[in-house]
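Take a look at the structures below.
Below are two complexes that have subunit A in common, paired first with subunit B and then with subunit C.
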Partner chain A sequence: MNSLFSGKYTWLHSINPSLKLLTLLSLFVLAINIHYLSFMVGFSCVILTLFIFGTGYSYKQLLLLSLPFLFVFLSTSSSMILFGKGETILFKWAYVQISEESLIRGIHLGFRALSFAMLGLIFALTTKPVMLFYSLMQQLKLPPKFAYSFMAAIRLIPIMIEEYQIIMNAQRVRGIEQKNHFLKRMQRLAIPLLSQSIRRAYRIAVSMEAKRFQSNRKRTYYYEVGFSRNDLLFLCYFLVLLGLAYLLSTHYPFLPNTDVRYLSDLRD
Partner chain B sequence: MQKGLKLTDILVTIVISIAFGILYKIWGPLYYAVKPFGLHIDQLIYGMWFMAATVAFLIIRKPGVALLAEIAASSGEFLMGSEFGLEVLLYGLIQGLFAEFILFAFRYKRFDLFVISLAALSSCTGSLIMDFYKGYIGDLSTWNLTLLIVFRMIGSILFTGFFAVSIAKALEATGVTNLVRSSSKKDHEALDQ
Partner chain C sequence: MTSITSVKNLRLKFPGESEMLFKDMSLSINRGEKVLLLGTSGCGKSTLLQVLSGLVPRTIDIPMKCDEIQIPDQWGFVFQDPDTQFCMPYVDEELAFVLENLEVPREEMSSKICSLLKEVGLELENIHTPIQHLSGGMKQRLAIASVLALKPDVIFLDEPTAFIDEKGTEQIWETVKRIWKDKTLIIVEHKIEKILDFAVRLIVFTPDGEILADGNTSMVFTHYKEKIKEYGIWYPGAWDDYKREPIMNNKKELSNTMKLQNFKGYRNREVKIVADHLVVHSGEWVTIMGENGAGKSSLLLAMMQLIKTSGDYLINDVPIQKTKDISGLLYLVFQNPEYQFLTNSVYDEITYGLQNEQEVESDVKEILTSLELTSKKGQHPYQLSVGQKRRLSVATAFLQKPNILLLDEPTFGQDSLNTFRILEWIEQERQKGTIILMVTHDHHITERFATRLWEVQNGKIVTDHQLNKGGKVQREILHEFII
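Showing the complex of A and B:
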């Protein structure tokens, strides 16, 4: 969330949140249909560029935020590299079998996970949740009772985290063993946290209805969310650069240009 | 009687789910920490991600709650900047839909461990389908894929089935569920006397 660090206000912040969300979702669909490593790497580079230069955060902050990416990359690719199917065996030891195909496929998966992680962070870093839900109500006609419930719930996050710490401390003061059975410990935390949250949510809903909150009438909005020239720029950025990446990767593939899937049926 | 979900139902569902969203966010790094061993130990805790749906359904007991809960939990996780990024939204949607489908098949009338575990397995199937497309898990060697599927199913039944039911039971004991459940037939009979 934006409260994590504060960054500069950039053109990415001014993009219509609904449009941003839909664009990123279509990029997701596009990405799971990329089966050639060269284009996947190109795709990741296009997103990386936007992530580094577009989000308005300092390099130090971005580096800190990207630390989990390393984990994401390694963990996503490792099991495919070590245990994937393939014919050109490079290394074999007990159950571990690294083949050329599985290596390429693993790296492909790593890049894919990496680009999803970056897309997600680009959105989370440059979008105010309140604006997202106002925009969803205005552009995508999300019923207000859902949108306002989301906004109320997001407001409760800091309170819930505070309460989590209070519960932990209270249990520690009373000498409840921490190294207890895992599920028991989870339950002891979850029950008070959930029951308090339910009570609070119920109170909020009752007071909203007492103040005549209605979903079906035509509403006016405190924030009007519209479109600007930056939205066009945003769409063009992806259209042009991804098109370029596609052309480059098909004409000058710098990496093995084979389908990364294991197409045993199509071979022979 | 108003049909569908009331504001109270929606708000309570979303707040529960966001609480789970926080949990998922805390969970994520742990999941990645055990994952690189490649032997899919991580899959045993994967079931955690389907929990919001069944817990919310067990508390509110209305159609549509499971789907809404799963969507809300994933958007909560997404907006907090999940390591998994964008994919959590679509996974949430699919997992919620699959759980909802089982609950619908039993006409939202059964709240026992068996049906809840079936819903858990259904969510699990949904996530596996997504993984076939996104993660090429079909290209893992057979023993490894079997291990992954079996571990994930065990995890889903454990967390989304057993653990969710026990949480719901404990919450019933605290009395908060009476706030949100619609009045039962017994309550009406009590009024008639």
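Showing the complex of A and C:
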């Protein structure tokens, strides 16, 4: 588990987390609004390059991490390819109908899903939660109340996983396995797990207040999160390369240059 | 002397409870006093600390009323559970959290963190160490360091060593005594042996939340010993005063053996426990001792086949290889009773898994009586008190009639009455022929009940002693655990 999520420290780690978050979110929005396949492919390539060479993880780790997303790519695109609407029929058999439009749209959707996944992974792999929340407090004025609650909650996750295993074992000792109803079992696990978590969360909250944590008071910060030249580089990377990809794809489309949205109704 | 914290005519009631926890209770503590609060679990000691620190009602919403209350300006609070005191993942970040709250400038933080850690004797190679990697005792000393940063005059300690082994306990109290020599300390603690020389004033509560005794420690123990004993509160010499009633009428019904040869238990492909060659017979009571994280619990899990194992493992000459092989033969009582409750009432909990309910009807009645739970048989197990939960979980183990009974600190956090009772039950089972294997930190149990001692160190059973009860040899063996 740990070896899967440990990589080198790269320039992407040093990007201001708030800036990174906002940039990647706006790329999400951009990706939804791309309707031409050539540009979509170009967009995906720009992100893929950063994902492979920028995150500081080995190819093996990256491949393992992106396996589930490759599956998403295949499933979204194939269902659209096989069953999508279209006029220029290429292949037809029973319910399966592949048209030129649906083929292009399917591939387009697949790339969109893939770039979503990679944007998310780039962020997750190169951002420490603690730094993200410190940055959110300092740059985006997130109230400390929320920031520290989230950080405390993240700390609880491994404790909960460990507890889950203990409870499973404890119940197995009582002979729970023979009578194996999934729902019943989940219910039995949920009660002790929830009751312990609620108690724990409550205790942490009390101990935070005992340490004079007050959400409305001014506070200093152990980690000063600012901006650096890398942040500029990060922005330029996307501006320049995405601009290039856009120009290339509009002037020299290497793939059929049609709007992937189904607009035939409008044309009629 | 002037009082530094006090409360007059405190009335407090938990929502939903019919009885009041405190009824017109008054208390005053002077500057520099070291006060120890004693009482049975649920008598309100911890709540009182929270009232005096102002946590109740400001943070913890419990309805309360009092004529007058004096809350110290500068106070700190050390809680009992080392895992729920911190909100940050790393040592330096956690201390920085406190410094941030106090608006300490960023430039001064690193040096402050280092000096705080040094003061509590937590010498880490790198201050950016994950808190998870620390032992329980180290975590509590980190908690002490963060309290130290608050520069408190009054420190509230709510059973800071409850989850800690003997060595950690020793370090915690050594640190507290050193750094807070001239501060006011208000302590709730069950394991009192280590602090009696230090706590000068002793306040004993009755189970109803009234003050039974208040005064000089030795005076209180001499004058109120009978009452303290009656309530089941631990006091120095409680073990010496305990006379075991001889239970001799139990015929040996079973004859069991367990053999381990080159036995290993694994977690995440790592060897966590090794037992070279061990044979245990009916009539034996083995206590397993060792530091936290040495592999004691792994040993029990390995025997239950709940983790991967290798080597030879035979019970009554039948080799054990799968979880299925042990069903009915072994039973493990976990440390936290709540983990093992499966049903929604005490009655269902006792009858769970028993085939013929009519036949056991009378048995169950008897068990409920001996558990003193007859009036609570319709209640949810979670609503029971700490002691009742423990008794119920041990009783459900007996009902399965296992050949070998494994117990993980069954007397942990229990009052003296409960502890003695549970031990006597286990002794009865032992005489019937059930093999008893028990993980414990309490050398008194080993001294008085066990017939054999296994010592676990770094994932290995390093010593195997046969004990003849009360013998001289035994004292020497146990010496290292007592320190």
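Definition applied: the second predicted complex is superposed on the first by the 257 of 268 C-alpha atoms of A that agree within 3 Å, B and C clash if a C-alpha of one lies under 4 Å from a C-alpha of the other, contacts with A are read in each partner's own complex, and residues count from 1 in each chain.
Note that in this section a residue touches a chain if its C-beta (ideal position, glycine included) is under 8 Å from a C-beta of that chain, and two chains touch if they have at least 3 such contacts.
Every value quoted in this text rests on a predicted model; they were computed, and no experiment measured them.
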item: Subunit C versus subunit B on the shared subunit A, clash or fit after superposition; value: fit
item: Subunit B versus subunit C as contact partner of A:S195, first or second or both or neither; value: both
item: Contacts of A:M208 with subunit B and subunit C, given as first, second, both or neither; value: both
item: Contacts of A:F227 with subunit B and subunit C, given as first, second, both or neither; value: neither
item: Touching partner for A:G175 - first (subunit B), second (subunit C), both, neither; value: second
item: Which superposed partner A:F146 touches (first subunit B, second subunit C, both, neither); value: first
item: Touching partner for A:K85 - first (subunit B), second (subunit C), both, neither; value: first
item: Comparison of subunit B and subunit C by subunit A residues contacted; value: B
item: First, second, both or neither for A:Y237, with subunit B first and subunit C second; value: neither
item: Superposed model, angle subtended at subunit A by subunit C and subunit B (C-alpha, nearest 10 degrees); value: 60
item: First, second, both or neither for A:L125, with subunit B first and subunit C second; value: first
item: Touching partner for A:V260 - first (subunit B), second (subunit C), both, neither; value: first
item: Shortest CA-CA distance between subunit B and subunit C [superposed frame, angstrom]; value: 6
item: Shared subunit A contacts, counted only where both subunit B and subunit C touch the same residue; value: 152, 154, 191, 195, 200, 204-206, 208-209, 213
item: Subunit C - residues contacting subunit A, complex; value: 53, 55, 58-60, 76-77, 79, 81, 83-90, 92-93, 96-106, 109, 131-132, 146, 150, 301, 304, 306, 323, 327, 331-332, 334, 336, 338-342, 352-353, 382, 396
item: Residues of subunit A touching subunit C in the complex; value: 130, 148, 151-152, 154-155, 158-159, 166-167, 169-177, 188, 191-192, 195-196, 200, 203-214, 217-222, 224
item: Interface residues, subunit B side, partner subunit A - complex; value: 6-8, 10-19, 22, 28-29, 32-33, 35-36, 38, 40, 55, 59, 68, 72, 75-76, 78-90, 133-136, 138-141, 143-144, 163, 166-167, 170-171, 174, 176-177, 179-180
item: Subunit A - residues contacting subunit B, complex; value: 1, 4, 24-25, 27-28, 32, 65, 68-69, 71-72, 74-76, 78-80, 82-85, 95, 97, 102, 105, 109, 112-113, 116-121, 123-125, 127, 129, 132, 145-146, 149-150, 152-154, 156-157, 160-161, 164, 183, 186-187, 190-191, 193-195, 197-202, 204-206, 208-209, 213, 215, 260-262
